[in-house]
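Next come two complexes, and both contain chain A; in the first it sits with chain B, in the second with chain C.
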Partner chain A sequence: MHRYILKRIAMLLLVMLGVSLLIFFIMDLAPGDQALMILGEAATEEELNALREELGLFDPFFVRYGRYMWGFLQGDLGYSHKYLSDVLPLYLERLGATVVLALASALFAHILSIPMGIYAALHQGKVSDNIVSALAIVGLAAPNFWVGLLLIILFSLKLGMFHSGGFVTLSDVVLPAITVGTANMALLTRTTRSGMIDVLRSDYLMLARAKGVSEKMVVRKHALKNALIPIITVSGIQFSAMMGGAVTTEAVFSFPGIGTLLVGAIKSKDTVCVTGCLILTSLLVSVTLLAVDILYAYVDPRIKAQYSK
Partner chain B sequence: MKRVISLILALIMALSLVACGEKAPVDNEGESKIKDRLVIANGNMLSILDTHNNNDLWCGHVYSLVHSALVDIDFQTNEMKPELATEWSYDAPTMTYTFKLRDDVTFHNGEKFTADDVIYTFNRGMGFSFKQTKLKYIESMEKVDDTTLKITLNSPAAEFLESLNDMWILNQKAIEADAEAGPMVGTGAYVFSMDNFKPDESVVVTRNENYWGELPKSKEIEYKKITEASARVIGLQTGEIDVCLEVPAIEASNIADYEGVELVQQPSSKLLYMAMNMGEKGPDFFKDERVRKALNYATNRDDIIIAMTEGYASPSQGCIAPSMFGHDPDVATYEYDLEKAKSLLKEAGYDENNKLRIEFIYKGGVMAGFYEILQAQWALANVDLVLVSDDSTKTVEITNSKAYHIYQTQWNWSTTCNGLDSLWNSTAGNNRTLTNNAELDAMLADVCSEMDEAKRAEKIGAIGDWLSDYAAMVPLYIDTLLTGVGSNVEGLTLNFNQNHVFTYAYVTE
Partner chain C sequence: MENTNVKTNTVSAQKKYKKRTPMGEVWHRLRKNKGAMVGGAFVLLLVFLALFRDVIYDYDTQIVMQDLSKRFIHPCLEHPFGTDNLGRDLFARVVYGTGSSLPVGVVAVMVALVLGLPLGAIAGFFGGKIDDVIMRIMDIFAAVPGILMAIAMVAVLGTGTIGLMISIGVTAVPAFARITRASVLSVRNQEFVEAARAIGCTNLDIIFKHVIPNCLSPIVVQVSLRIGNSIITASSMSYLGLGVTPPMPEWGNLLSAGRTYIKDYSYLTMFPGLVIMLTVIAFNLLGDGLRDAMDPKLKK
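On to the complex of A and B.
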């Protein structure tokens, strides 16, 4: 098992090296002039060149990349001219909000989707199954900004239960979490349903039933555990996608997450901030996926056994 | 399943209770309860802390809370008001202003305000292109004593005093101590702190208890950015926001029909226009007056207004906003006349077999719809407007290269002469038509130095006529300014040029 984890960590480091190089290269190719965006349209060519010199923009690509990565390893991700702050503390501050949103939306999605998916699988082909499937399709198809605005109108404007935007108290995360979680819930419901249907049809469950195991035990102990692999896969992807921020939802709710941070930095051609945020987000996504892989091994004895040999 | 549903319901109940826990702080002293904080929401917010390094309107909203200038303008009456200068006089023969300054003012860092601060601020401002247009008239400055300052001009400047209203006085020590936040150390009614500034999110300024003027009633003013206009309007309706700026026309009825909030409508001074490139790198076809006039005739402004603003705008009347001093209501305008446009273009050599091809590189956003309308309108006159969408950084580069065909932007008129000079002077940074015309430059210099108001108005009218005939600009419409305000907000002054005064605004319970 340790061998499996070490192998995954080694792969993660390699991936991160490649990703950082790719991000730095893409940002280098991106149109626009960093110096121009900092000094504005009114700057003279002399002022622009002086700033380019100061920022080291005239140095060769690999010199700049090496300098950046050396700073990165020491926790220095540069200074954001857009947000007037060092990138690392800025990112960590926004990350807090993003993680809270990701966890809350995952909680919302899982609490609803897994029971609904199981229920639909157990009542396959019946009216209740069709209703759940229809709900899942609506949840998938509904655009985030629309769901968000509807929730604001209902819960903020009509019922006065929540703030319409911002992130001051923990309750401010409820509506954005439901907004993001709606689409996630829909996908997870469908995944759970199809996974459960496959497992419920398997021979070993028929045998269990034949041996007199109760239906409740069949579902809980045997079917659900075996249907978990695809659910964990989808959950992991959804959670890691959330680490990059939910741009639309954040914009609708003025939620200070990583998505709006990145968009603001991109619009201002704040290359230093964009590069730092992308590399850190890639790192987080990779770590999340690593955690998912490790979770596989604990859930699926076949993987555990493969590396225990 | 029942247990799961019960759990979900319990969770929703618990979250609801958490949500209902917060109450706005209230000042209990006095009979009328005033909320501590006034909340203003906008799609943009303070982005640059250096007052000299931008002309951004939204930054100006916060600057005006934190800073004071020598003089102020009452935009409702167009009268000059004393601020840090208690009185002033002008000696025409020597072209010298003498300002008497307040001696009871301290900066937020505790430094006493003196004439040295004014000299430092204006000298510093001259190094920034954004302020050069306003400060270029200063020949010399002389400190007579701490509270007396003489400013000698290099030529008569009609709007010199007016132009000082946003020349906020800075403190040298503060800037030397902290180049980033130092320019936000002012003498204004509210104090800025980096701790309360979240770029791209919000800024909270707190009342300056040592303010030299009347103390504002709000203890804090929060200026927050809410990009999504619908969310901004809902925030106003729920009472989370007290003033909602930049209300889009589509949301106007949602405010007007809602109890407890008001929709304030004002004709603005914001002129939306298309600028044809008359510069050296511009296309040759715009050098032909017939082409320029044809595009003006081919533009159906009424249709554009309905499509883009739902009627919350008025067609332009020439190149100067009607609300501005000196605007001539009888200025020649180009009514929509497709046949005339086609005929002028035919004379210039363009018809259905040889269409005039104009490239327009734009950044995406809400204006994209307008460009398509314009494309369709001009197509009827045998003009092929090619729309190329690009990102904002690229469009800035193209603007700087001065090699574009046509440019779309807007100008928020504040003072007439300064506006004319900024848009049309051959050396001005905002001259998007890149016009370089000696006759026009001379007329601008003349009007900007005309101290007699009646003669100045006459000369502004003459320039307006000249510009209409020149036709390098397609003036489109003047926006109606829509602002959402809570019914319990008092003391707010909304100005047509969006230089609103929030200092004395407050919210009652």
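On to the complex of A and C.
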């Protein structure tokens, strides 16, 4: 097991090295002149060239990449001229809001989807099952920025229950969380339903029933535990994806997370900030995914047995 | 070549069971699936609107021309979706916008397919070092969250339809490579591949003429499901101002334009979003139907 974890971590580091190179390369091609950003439009060509020389912008690609990564490993991700701050503290500051949003939307998605999925599985083929399935289809197809706008119309403009944007009090996270959570909830409902249906057909449940275990206990103790495995996989993937910030949802609610940070930086051609944000986000998403994978092996003895071979 | 006995046998069999080609069989099963048929019909309608948008509407007078005397008319018979802040008919702009949103979704998936399919097929077919190298590169692309990758690429390629298509397409390459690889792995050791090698086909011939045609069903399904997703991503990017830019209508930028007037004229945000949702549902229903029709074993 430990060897497996070490192998996965080594692989992750290798992939991240590739990711940093890829992102650095893409952003190197992107328009955006650091010297121009620092000195402003009024600077003369000589001044600009002098600064470019000083910043080492004329060095070959791999020299610049090496220098960037050397700084990165020491926690220096450069300075953002759009936000007038070092990139790392800026990122960490926004990360808080993104994590709160991710947790809140995961909470919303799970509270609703798991009972709905179980209910649908137990009433397979009936009207209630069809309604749940139809809701899941709609939830998966609704673009989340539209869901966000509809929520704003209903809850903040018509009912006046929540603010339509910003992140001042904790209640401001409710609407964005529902927005991000809708599609996740739909997918989780589907996963729960099909997972439960698979388990309900299995032989060991028939055995449990034959022994005289009540149907309630069969569902709660025997079926749900095993149906949880695909659910954990899906929620792990969803949670790791949310660590990357919900770009469109954050834009709709002007939510100060990583998504809005990145979009702002892209629009003002702040390549230093974009590069740092993208590498950190990819790292965070990959690490979360790996953590879930490892956790998952601990939860399910069958998977653990596979890896320790 | 054919034995006459065999021939008569087939004829008698044909009388009992209608013999169908593999595609005919898929179509027969698909036709029974109501959801897939409704989805497919809606997709056809969208394709029609996208292709003939310039026949249906005149861009200069009906799509972008401003008429301030008609601004903010609520939905009515003459303007089913109402009019916007510049007095333009929203229904016409949504219909015309089909021609911006649909091609982006379709071409993005084609880009992903053209890159991902050969990469996945080569990785799966040859295995070993080649497989490792290709799939690790795919891992790198997959490690950057999709929409963030698309945003970064748009910064290089520039906003606009072409940049959008390529950016969104590239983010879906790893998914196609993985699916193709998995399905190539499942057929590469079968007899017909060995037979092709025995009669002297080159590796390239085997991959493209024998292996890939036998792996198509999961890929076709993925294409249909991915188009819906790509349309959402494309409209998200346009909503953020990183995609198709006004005055050319696109579903995402129509939503973004409606956002400003959300307080008093919420219908401006209602309809474009509804159309995106219906489109994605249509592609998903079609994709689910294709999956059930092509691989009945998977059907639950």
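Here are some notes:
Going forward, the second predicted complex is superposed on the first by the 287 of 309 C-alpha atoms of A that agree within 3 Å, B and C clash if a C-alpha of one lies under 4 Å from a C-alpha of the other, contacts with A are read in each partner's own complex, and residues count from 1 in each chain.
Going forward, a residue touches a chain if its C-beta (ideal position, glycine included) is under 8 Å from a C-beta of that chain, and two chains touch if they have at least 3 such contacts.
Predicted, not measured: the structure shown is a model, and the values here were computed from it.
In the three-chain model built by superposing on chain A, chain B clashes with chain C. By the touch criterion stated above, A:I111 is placed in contact with chain B alone, chain C being left untouched. Contacts of A:I152 after superposition: both chain B and chain C are touched. By the touch criterion stated above, A:K267 is placed in contact with chain B and with chain C alike.
Of the two partner chains, chain B is the only one touched by A:F162; chain C is not.
Once the two complexes are overlaid on the shared chain, A:A251 sits against chain B and chain C alike.
When the two structures are aligned on the shared chain, A:V285 is found in touch with chain C, with no touch to chain B. Residue contacts after overlaying the shared chain place A:L55 against neither chain B nor chain C. By the touch criterion stated above, A:I237 is placed in contact with neither chain B nor chain C. Residue contacts after overlaying the shared chain place A:L84 against chain B, while chain C stays out of touching range.
Shared interface residues of chain A, touching chain B in one complex and chain C in the other, are 30-32, 145, 149, 152-153, 157, 251-252, 267, 269. In the complex of the two chains, the chain A residues touching chain B come out as 30-33, 36-37, 40-43, 82-85, 111-112, 115, 119, 145, 149, 152-153, 156-157, 160-166, 168-171, 174, 251-254, 256, 260-261, 264, 267, 269. Within the complex, the chain A residues that touch chain C are 14-16, 18-19, 22-23, 26-27, 29-32, 137-138, 140-146, 149-150, 152-153, 157, 194, 197, 241, 244, 247-248, 251-252, 262-263, 266-267, 269, 271, 274, 278, 281-282, 285-286. Interface residues of chain B facing chain A in the complex, by the touch rule stated above, are 1, 4, 7-8, 11, 15-16, 18-22, 47, 49, 53-54, 128-130, 180, 194, 197-201, 224-228, 230-231, 234-235, 237-238, 240, 390-394, 396-397, 399-400, 429. Within the complex, the chain C residues that touch chain A are 136-137, 139-141, 143-145, 147-148, 151-156, 228, 232, 235-236, 239-242, 252, 255, 258-259, 262-263, 266, 269-270, 272-273, 276-278, 280-281, 284-285, 300.
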